[in-house]
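Single-structure report; data block below.
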Amino acid sequence: MKTVRLVAYYGGLCICSALLLFPMVYALLMSFMDKADIFAGRLWPERWEWTNYQAAFEQAPLGSYLLNSLFVASVITIGRLIVSSLAAFAFVFLRFPGRDAWFYICIATMLVPWEATVIPNFLTVQQLGWTNHYFGLTIPFWAMAFGIFLLRQQFRQIPYELYEAARLSGIGNFRFFCRIALPLSKTGLVTLAVYSFLDAWNMYLWPLLVTSDDRVRTVQIGLKQLQTQEMANSWGVVMAAAVVAMLPTLVLLFVGQKQLRKGLMQGAIQ
Amino acid sequence: MNDRVSSPMPSAWPVPTQPMVRRTAMKAWMEGMVYLLPSLLLFGVFLFYPLARTLYLSMFSTNYQGAPIRFVGWAHFAALFQDESFWHSVKTTFFFAALTVPTTVVIAFCLALLVHEKRKGIGIFRTLFASTMGMSVAVASIIWMFMYNPAIGIMNRLLSALGFPAVSWLLDPDTALYAVAVATVWMNIGFTFLLLLAGLQNIDPSLYESARIAGLSYWRQLWTVSVPLLSPTLFFVTTVSLIQALQTFGQIDFLTKGGPVDATNVFVYAIYREAFVNYQFGFASAQAIVLFVIIAAITFLQFRFAERKVHYQ
Amino acid sequence: SSVDSKGETANRKTEVVFWHSMSGDLQPVLEEIVNDFNQTHSDIEVKPVFQGTYEEALTKWNAVAGTKEAPTIMQTFEVGTKHMIDSGQIVPVQTWIDKDQYDVSQWEKNIVRYYTVNGRIYSMPFNSSTPVLIYNKDAFRKAGLDPEKPPLTYSELKEAAKKLTKKSGKETKQYGFSMLNYGWFFEEMIAVQGGLYVNHDNGRSADATEAVFHGQEGRRVFELIRDMYRDGTFYNAGQNWDDMRAAFQAGKIAMYLDSSAGLKSLIDNSPFSVGVSYLPVPDGIERQGVVIGGASLWMMKGSSEKEQKAAWEFMKYVTSPSVQAKWHVRTGYFAINPAAYDEPLVKEEWKKYPQLKVAVDQLHETKPTAATQGALITVFPESRQHVVKAMEQLYEGVDPQEALDQAAKETNRVLQKTN
Amino acid sequence: MAFLELIDVTKSYDGKKQVVENVSVAIESGEFFVLVGPSGCGKSTLLRLIAGLESLTSGYILIDGQVANDWPPHARRLSLVFQNYALYPHLTVEQNMRIVLQAQKVPKEEQRHRCLEAAEMLGLTDVLGRKPRELSGGQRQRVALGRAIVARTPLCLMDEPLSNLDAKLRATMRVELRRLQRQLGMTVIYVTHDQTEAMTMADRVMILRAGHPQQVGAPLDIYNHPANTFVASFVGTPPMNLAEAHVLEHSLLLQNERPVRLMRRPLPKTERVTIGLRPEHIHRVALGDGHVTASIVHVERLGSETLVTFELTKQIHWTARWSGQANVAVGEVASFSFDEHALHFFDGHSKRIGPPTRIEEEAFER
Amino acid sequence: MAFLELIDVTKSYDGKKQVVENVSVAIESGEFFVLVGPSGCGKSTLLRLIAGLESLTSGYILIDGQVANDWPPHARRLSLVFQNYALYPHLTVEQNMRIVLQAQKVPKEEQRHRCLEAAEMLGLTDVLGRKPRELSGGQRQRVALGRAIVARTPLCLMDEPLSNLDAKLRATMRVELRRLQRQLGMTVIYVTHDQTEAMTMADRVMILRAGHPQQVGAPLDIYNHPANTFVASFVGTPPMNLAEAHVLEHSLLLQNERPVRLMRRPLPKTERVTIGLRPEHIHRVALGDGHVTASIVHVERLGSETLVTFELTKQIHWTARWSGQANVAVGEVASFSFDEHALHFFDGHSKRIGPPTRIEEEAFER
């Protein structure tokens, strides 16, 4: 009875995982198929081919795109951590007039549909001369309402007495921020980092708009570059690129998932 | 009390005066602002300014470069409210949200319940269940597009293997929105799952133990312990998912382009098409403003009414 | 800024930034041509930059046109022609043709005609294609049809489709015919009958003010689709090119309309022999030919004289027979310079793929009328959306004329809004 | 037949360290049994084993004479009052109590009735409609108790139920808890690390140390006859004074340094012992008289009594406890006499020497 | 000149309810001053006002004779030991102490020196490299103290520093804290709600109730001469027995019900008073003798002493406290005699009647 239930339980888990993972595995399998296999609608490649990957890397500079994505996503992540943690710190530890009002203003920015702001933002970035530059790819994303919200919750976990103790001993706000608040909020910071990284990694429209130089472009553009409209697509190649584009994020997720969950547990919600 | 209270109060002592209080308040304000400055500056430049500009543009007709050329006041809005396709897209958007949000939350919640308890090897399943959040909209859409392919996609292959007639998933106005919804639910499950799992793990285990001793059945525990105590998380998750659902764009662009017969022409996609394909920036701006107001109103209402039912510890 | 490389090579080489939307298999070919050009022109450096789809590229161009961010050469799809002209940010290619006294007669007339407005050539045709009927020869054979005699009229098409449609139980294993829900095919199907899309000679003699595609020519097309769909011989392939091709290659459809550009890889990747034929016409209507589709290259006003000259050099290079031969063979797009078809490379290719020649023939046989010159309106993309919607409505059982009228009405509305 | 019987109960979480080891005890129906010991000694673990929240590593748990090792928690018909009360924060006081009854499918009318009764008993009638966060600590504690009462389970386990309350409230609740237990005839197993609670509430006490039971018995028995030095110093505040001593003919030599002359020959034959003396058995006598003369190093005046610490040797500070407000000052030298009959002796393994501790099972006053 | 002086200090968080009202007191250098009172009475608030963590609503705080109302916390040169210690959990013990000095820009060498010194003093030398979570409660407590010590601030505020420790450790730390304070000559303001701490540690105690000071004085003075019934029942465990009484010629009538015959004429002239008597002033006498005869309703045997509760009237239960293990049982009827000289009288406003409480400022033993 007990073993039956256990088998059923793990069986259920496996089925759920299989259903959820299927699209990814499907993409992975397709990336190893040749055209004939794909058009025959096969599930399993008849012959495993690396040629799609080869083709993908030949047609688009996926290598440097990957590096750019890595760099851009990292810089956005770091920027977000800094900007959000500063704001969250003020919202939690500093008392000043209008604090809560500012907080709600920040939170309200979550409601702005991003597509509505693309063109004015593009013009702004252009005026700043940040097109084709990492500045334009990263800086506009540094402030993030969700990040502020998350870190605010995280900072609220820190006993306020720690802050008071610091004030009594003459430890300044900034020192407290660097030496105490940040180290104590590692989970929150990691959570935000993982979330931001995934978010930044997946940007497409914005990098396409603000860059016209392969040297700063990101991998999602590469993905688009491998698709055509009027001509027949090489699906295997596209899938290979898709796999290349999703692999780093999946790896990051697998590594950071536990931290992420912990962080979300401590903050984010209550 | 009868201790030495008696020392006379020298009149020369500084009495805390209003200006002084104000000065300390001012200093505190300045310091707070220094910390907020980066955020506010960036929000100002990249969110509020464009929003204001959108509002401004919504009252103009524009040329193809998006520059305002003629002030039309509220004319765009008036036209909008008479535009059938606008109402259609509003309806579609809400229907889409109604399709995806509850489904995502329910499925993610079930998954979270499945792996909530610590057991051997459970960590792997937790990771697997969360993995869809690592997928970009672009990648996910490409994969689903292929799966939905009526001729060679796996969906129809499966159907025909099971002896069902083929379905033209994304091509039939009756099924397209559902098909996109399925893909969307899949994409969103990961993050929602993770949030809910975190919320579940935050519940004091002694409450479950107490329930076990009292002999509450699994379902009763679910309804009397898990759900109410998870309600803050559930509330947060639904709010965020709803906002996200109302702003759906990427998967529509990839999978259906708003078709067939506008069956998937959700709001943001309609705006996008208006602005970037048809170059009707003024009109598109008006729509964007309406969207912003709708989202803000819904969020407000949700906080106002739904949050009351939420139990915070 | 560090990655902005305009200045760096300015003193030695003239840099020509070239925005394009050639993705997938097209990109390597384009880059090869550009490379060859750069090798042979030591004083010019053409830099090809992918800018996403035509729409995305145009969106961005709209925002930067007239600034130093703008490219020198910009590739835009055919329906963007009027938009580009009206923008005032471009230099007609004619200017350089005149300056250089270049002989344009060597260019394919039927292609150049599309981009000629008020007697001036505005942009240089680059990747041009037309629709053709593609069919599965094996299926023809199996259905008892002659694979060398594809249907040329609507009734022949219907007939053949009926024979080609194979059902097993309720499910249809193979459909007779299909056509993408895409405005371009509809436009072509009208043009081949000599019908106009908009008034004022398709907007060529004056700015179009009204849509006329809902006349009898349009109705015939819609009725054809409606009838065949009703018969169960028509397959709804949606808006996605690849879905349709996949269906054809998987044997799901026996005949369909496709761009001539995709031919070669289609032939290569189909597990059966592929036939290519002209667009069918309604019975008793004289075939007028096809409108050119694809995209052309535009020269920017904001660029310096030197850059423009360099861009012109590049354009000339691209149109040379040998380059065009390569372009045609590698991509399936037409050669703008018909001399290319005499190159041995093409000759050889045609021997291998006789189907390629069919598209070229269809183009050559096209009669130069306003109908085949193609419509010229700014709101083309939006109008196409309405046509697509009308096509989709057909499958919902909406009356063809009603659907067309609706699309025309919507098109008129946007036409008026912009005038 | 005992109501609850533990036989060689052993628990290890990690398969290595045994958190509870070979605990055997029989608990009678209606008994108030207290488990006491320092933090981390395994008290909570033992309770959770009885409740069925953890599984045994080895041994048996018998309920009503039946082996209950594999029974699920609710089949054991017991209730558990958690240290943090484990109240459902989203339910009112009444709902918190009712939920137990709902699970047992008690009819609605009966539910209401039992809740009102329990609320009456606990003085919660006015707050039945409130949520836990609107209650004071004492009230929450009583709600937790209320849940146990309405369930009418014969056995109630309590894990440090008073430790979150302040000293005053704790004193009141001690009495109240005990009164209720008697009134309802419940069997209670009560965990605490506060020995005052153990002393005043228990019918019997078990003292645990690192998973091992040290002594089981009535509180006063344990106080008077501690089985070893651990128990001796754990029970009683201030703790029993201890010192290593050589037993000589008519005297003791503390730490090879300080001789203490005795009136009668001390009990043990062993030469090296640890002696123990409770603070209340040390009195002040005229200077020069008594057993020892020493200088006073610390005085605590509590009003009702005075704790005087004096230095026997550099290492050995003993404390005496005198009623009232003694007139002594730090630094003063005074003479102290010991109640010789109250001396405790422990051997080299800290085991009590002398007549074996009788475990008289006193009749429980009910 | 007092080291720290509060003059009419008043605080209201919401502008309506005054959490601290008109508190005036002068604290001398080197004094160990204890603030005691029930939960929520404003003790912490007062401490935070002194520390500068909250701003005054009205009144003055003088440090060294200077008005410090607007001084930022760190300018007041004091340290605060929090109830939960407020140790930085990610820093080692040493870093926890050093961070204070780093903020004050003390040279590295000196930092190290002071830390070692403080660690030595507190017995923390071995754990300097550990993180707070690897420490026991008592060690954490000492680290918190260490932070105050290395800062060398003349004034140290402590907010219930011992309340998270268990009873045993609390007793030890009481002594240790006081010893250190003397050794370093610190001025300490110490908040607690535990009256044992107040009694044993304080040079002077202030008893607060709902923001109002009730009495200030040496602990024993307060024990012996409580200014009102609140203080009387707050100080001492078990608390002073109280009862409303009519004062008659040679007797008292408790609650119009129970006459108590007295040997000598009671002090007050008022007719209606509240009388008070501490448990240790009630003794058992032969049945029929003594002041009252009553039945025993509850007995708590703590080993060293026995608390006996008897019923004077239905409402009035008094408790007596006897040394040793008295042989009494619940339900027994016994006679009790009162120490008449120890009777306290309070008027209708609960104010003490009798000789005004002398506030002798005892010389501090240092």
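Letters A, B, C, D and E name the chains as they come in the text, with residue numbers starting at 1 for each one.
By definition in this document, contacts are C-beta pairs under 8 Å (C-beta built on N, C-alpha and C of every residue); 3 or more make two chains touch, one makes a residue touch a chain.
This is a predicted model, so every value here is computed, not measured.
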Other chains in touch with both chain A and chain C: B
Task: Name the chain whose C-alpha centroid is most distant from the C-alpha centroid of chain D.
output: C
Statement: Greatest Cα-centre separation from chain E belongs to chain C
- prompt: Measuring from the mean C-alpha position of chain C to the mean C-alpha position of chain D, what distance in angstrom results?
  reply: 91
- request: Can you check how far apart chain A and chain E are, centre to centre, with Cα atoms defining each centre and the answer in Å?
  value: 56
- line: chain D residues touching 2+ other chains are none
Per-residue overlap in chain A, given as positions that touch at least 2 other chains: 39-41, 119, 224, 227, 235
Query: Which chain B residues reach two or more other chains?
result: 66, 151-152, 313
Message: Can you tell me which positions in chain A touch chain E when the two form their complex?
response: 159, 161-162, 164-172, 175, 179-180, 183-184
Field: chain A-facing residues of chain B, complex
entry: 25, 28-29, 31-33, 35-36, 38-43, 45-51, 53-54, 66, 111, 114-115, 121, 123, 125-140, 142-144, 146-147, 151-154, 157, 186, 189, 194-195, 197-199, 201-202, 232-233, 236, 243, 247, 249-250, 268, 271-272, 275, 281, 285, 288-289, 291-292, 295-296, 299, 312-313
- line: chain B partner, complex, touching residues on chain C are 55-56, 59, 62-63, 65, 83, 86-87, 170-171, 181, 236-240, 242-243, 246-247, 250, 252, 378-379, 381-382, 385, 388-389, 392-393, 395-396, 414, 417
Residue ranges of chain D touching chain B (in the complex, touch as defined): 48, 51-53, 72-76, 78-80, 82, 84, 86, 88-91, 99-100, 102-104, 147, 151
Field: Complex interface listing, chain E residues touching chain D
entry: 38-39, 166-168, 171, 174-175, 193-196, 199-200, 219-220, 223-224, 235-238, 278-280, 298, 300-305, 321, 323-325, 329-330, 365
